[in-house]
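Input: structures, listed below.
Next come two complexes built around chain A: one with chain B, the other with chain C.
Take a look at the complex of A and B:
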């Protein structure tokens, strides 16, 4: 009985006695902008949340030294787990208990689509960076803003560039069977076909597939392929690239085809994929080799704080907080005025690019799309297509 | 029998508690958690009926949950069927799927049945994921409306977009299902299922058709899970196949085991605990899932009979007469 008592006491102490470490409390200042952060901190998408937090923390450290317009910033993290139901629970907890002036997140489109109506009912602006589904901004939701280019913007741009700049006429599309994967693949196929190109195969696969040898073998048998747009996360992306090289399809394996990708793969993918990634052309949301002053300062500060180079996830999170600070600088002080300030944003300069929203609150600036090509020494070269 | 130990007394207490909960928890966050509790109670008592009473290790509960959710939603959004007709259809379809699985599963026992039912859950998940023209697959279905308002003559309509009303609906339904299953397990049907669970050969020697009763248990269990799915879709408003991945089956199984398998009240307690605990632990940030995992492991290690066993032990301690001191 005594050991049960200890167990019970331990659990109770854990629940009620532990500090609330999930809040980055700034100060007990009167004027505080409260930012709710809905990130996947648990589950398969937890690497999003971990990196997002790094970017947020760096931004807070810089902003709260002096404040903005007399305001400090406080962030409360909630684990939305990349899934609709946990995201719904986390959002309601955030709204009821933290009462944020503005929220940032989620990364996964399914979760973002689930929380958007809740934020709209609560009249709290939601600033999204990581979800690419067109459904997030296309119907028009006055309370949801997205700073990254959506799947249509990226898909049209990369398909046009493949046809016009790379003179590609044939393509094989590889994509994971998710909301974003299917959406990206469809936009590429529609645009490339309209341009005059031909889709030789459109191959979807689940996130549980670990061996891509059979898919690569099938692709190798499809004849002359110019480009292979690939939409998948890093783990499967590495295996696909290596399997395509082993099958002699892509440049990294002595073949002809160029693999194309969008924002799904983080910085450092090339080093992990090795020679197989040679010639890979992809869109990145953040170019750490960018020589703009704002980027150099961010990279230096990030390295000083974390002793590592920032990824696009770090950069996105940093830009989200900095954009909110910019709105506060322009007079934002509560949910309504921050929403209005976000909508009125013109040429905000962030580390991922600039921001200006259209009537659906989608960022229209294409300088957030950076094209990179993998060189033989596995470093990047910026293609300056935008 | 004192009034406190009577079943009827506790059922009245439960009904009063359900009635009071939305008044105690007035914010939308906790009312949301209450609805999730009610849905999980449905799933857990449904699984307990086939697992705890009939002794069939069914790991396919996530499939029936998903079938109920998708069937009712597609009937509403694609065919234009009224919510309650779609609800009944979703429940029936999940029940029929349970019968379909059981036709093959009745020949299997123990681990083999577990693998077969897990396979069924995997196949169902893949169908939901890949039959995009019907289910929208990973593209998801969004903007699913809550159940339509319920009008009582002379009174304002009950809007289920209100979380308190939706809680009364889901919890009231879960309570009704509990009462029905409680009557079933206390009837000769329950004794028959228990006999099959304990020794199918001996039960057969007494004239019990084990296969028929197992099919019945599967059908009831899966239909109850289907009802949970119908409520899930109209509550969350979003349907993606990942919500019905096989890990959901293990979560429901954990609720049954932690609560106490083979008792109906156990899975109710398990469902409530395993829904509420992760939410209570949100306050401790990143340590949340570690503490949650450790807590569940401790329960299973020290209380293999679940919370019900623990409650019984405590009750026995309380009732034990004081030791009579020995003479010096």
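Take a look at the complex of A and C:
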């Protein structure tokens, strides 16, 4: 009996113990652009990787039907786990074993910052779409490009909108203690204070914090709060929103404060948080109600492939591949020419918005930032602030 | 300010009660086997997911979810002991079962990742958003349930250990396995029972933690480090010490959040751990190992 159980467990282990890497490879042809994808597939940020992969796969399916300038695209995924050490190991593995022409990822700033010097040494361009830390492009390095607005661009925009459009005068900042969390919080605090607002508290916490009732209690004791900018991943974000509602601080709990969120949160957050999310205003990188043809085609294709609506994570991953394809169309064929092509990008039109890099390889376009407000039925209203 | 202090006290007791539920299983296994069980965290996660799915399938019957989590935890405990730990113990190497618990932990995490995906689940019970407000303080019905269930569990466990034959047998095996065997107690049966009780507690702890935790396949690992700290602070294998240490850690967390910063929580808790090891290495309550469990 015992031996039988032992064998059964070993079989289960062998089934589930498969490595967390995979390759989308249907092409053995010479003319292939090899793309390394460094996404968090495990750990608390793994929802990024899951959704990124969907966007990438859709783009590959569309591009590889006919190819671009005679090139097909092959992607290898590595689990960078949203954390510096596994990201570093995954990057080295990717470079040694796959030898990519270009890489995309990571989502979390700490991981991206760890990857950047390795990619630069290998002279392989890295195209980032989800990390906000200013350190990624300031001072930056010639091999790293970022599509999304950095924490300064986002933070200034959110703080100004809070002060001017929402007439907020007091704020409490909640953030995880990471490069991105601390950086975003600082930019908001600096801008909001400069505008004339007052920061009542700046509360940081580790990713291992589970129960936010104590933090909500502390926030509730700080007097009248107009806005609560919150910089966390989805899991903690859910618990914070619910705890703030239970403490009667935010609109969703009958309070006064409006929670302000970032693109870190995936679509569907409101449905999980329930009525606690009422009045929550957050920026997303993709507006599904956008009527541009490129967006409508993407939404239709995504729904046809996955039988679900795309999220901003799906969208920015799709844009990463499409931007690389655009560079290949303009003559990119290896790491160096793809880097040069990315640097020369002007007015690339993606589903998240447009792309044009400055001298630090930061996208200067702000039309990738879309503000959404949660309505009582937990649907969104696009606020059209940008 | 008094209201805030009182509220943070309530918050601390809720969190502490959760930690106690998780740590009790760890301390039971250590008390009887002198073995650290790294897979305990993943039984907590399994319990949380079982409670989540049963509660949803039964249209919000959370109590059925708790019962199912307890039962599934118990089955996992029996299975792990019978299939892995018992055969390894028979080989006489103490290191093998310890390493096996790490293997089981990794296997369970990856199995849940494959089956359930990485995206956080929102485990909202019918009691999650019902708030009791009294004199400026608040408590969700869910959190009140956590305190009630933890208290009942602690009382029942205490009564089992002190007043039943099996409980006494368990304590006898923890003190001296060979002598207990000579007295007619089957140590292997008692060890199996210990795993079943500890894992049932972990499963039920998961059911109570699920609505509080960020529910992913890695949920249990986020509390297990604290649970280990509590077991050490309380005195390895000491049930009373574990209860006291759990509540102390819960209160430290809430008051540190209020008066310092949440970023200081781990610093304060683990400073207490180091202080305990330095000043009172046997833990807050335990003086002699034979008094444990």
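The rule we apply is simple: the second predicted complex is superposed on the first by the 364 of 386 C-alpha atoms of A that agree within 3 Å, B and C clash if a C-alpha of one lies under 4 Å from a C-alpha of the other, contacts with A are read in each partner's own complex, and residues count from 1 in each chain.
Here is the rule we go by: contacts are C-beta pairs under 8 Å (C-beta built on N, C-alpha and C of every residue); 3 or more make two chains touch, one makes a residue touch a chain.
From a predicted model like this one, the values you see are computed outputs, not experimental measurements.
Looking at the shared chain after the overlay, A:148 reaches neither chain B nor chain C. Using the contact criterion defined above for the overlaid structures, shared-chain residue A:179 touches chain B, although it does not reach chain C.
In the superposed model, A:235 makes contact with chain C only, not with chain B. Once the two complexes are laid over each other on the shared chain, residue contacts for A:41 go to chain B and to chain C alike.
Contacts of A:113 after superposition on the shared chain: chain B is touched, whereas chain C is not.
Contacts of A:322 after superposition: neither chain B nor chain C is touched. In the overlay built on the shared chain, the residue A:162 is in contact with neither chain B nor chain C.
In the superposed model, A:335 makes contact with neither chain B nor chain C. In the superposition on chain A, contact of A:135 is made with chain B only, not with chain C. 1, 16, 41-42, 177, 206 are the residues of chain A that lie in the contact sets of both chain B and chain C, per the superposition on chain A.
By the touch criterion given at the top, residues 1, 3-4, 7, 11, 14-16, 18-22, 41-42, 77-79, 83-85, 88-90, 92-93, 95-97, 110, 113-114, 117, 135, 177-179, 181-183, 206 of chain A touch chain B in their complex. Taken in their complex, chain C has these residues touching chain A: 1, 4, 7-8, 11-12, 14-15, 18, 79, 82-84, 86-87, 103, 107, 110-111, 113-114, 117-120, 122, 124, 128-129, 131, 138, 140, 143, 209, 212-216, 218, 222-223, 225, 253-254, 257-258, 261-263, 265-266.
Remark: chain B residues 27-30, 32-33, 36, 126, 129-130, 132, 137-140, 142-143, 232, 236-238, 240, 242-243, 279-289, 291, 295, 298, 302, 310, 317 touch chain A in the complex. Remark: chain A residues 1-2, 5-6, 8-9, 12-13, 16-17, 41-44, 46-47, 49-50, 177, 203-206, 208-211, 213-215, 217-218, 221, 234-236, 238-239, 242, 245-248, 266, 272-276 touch chain C in the complex.
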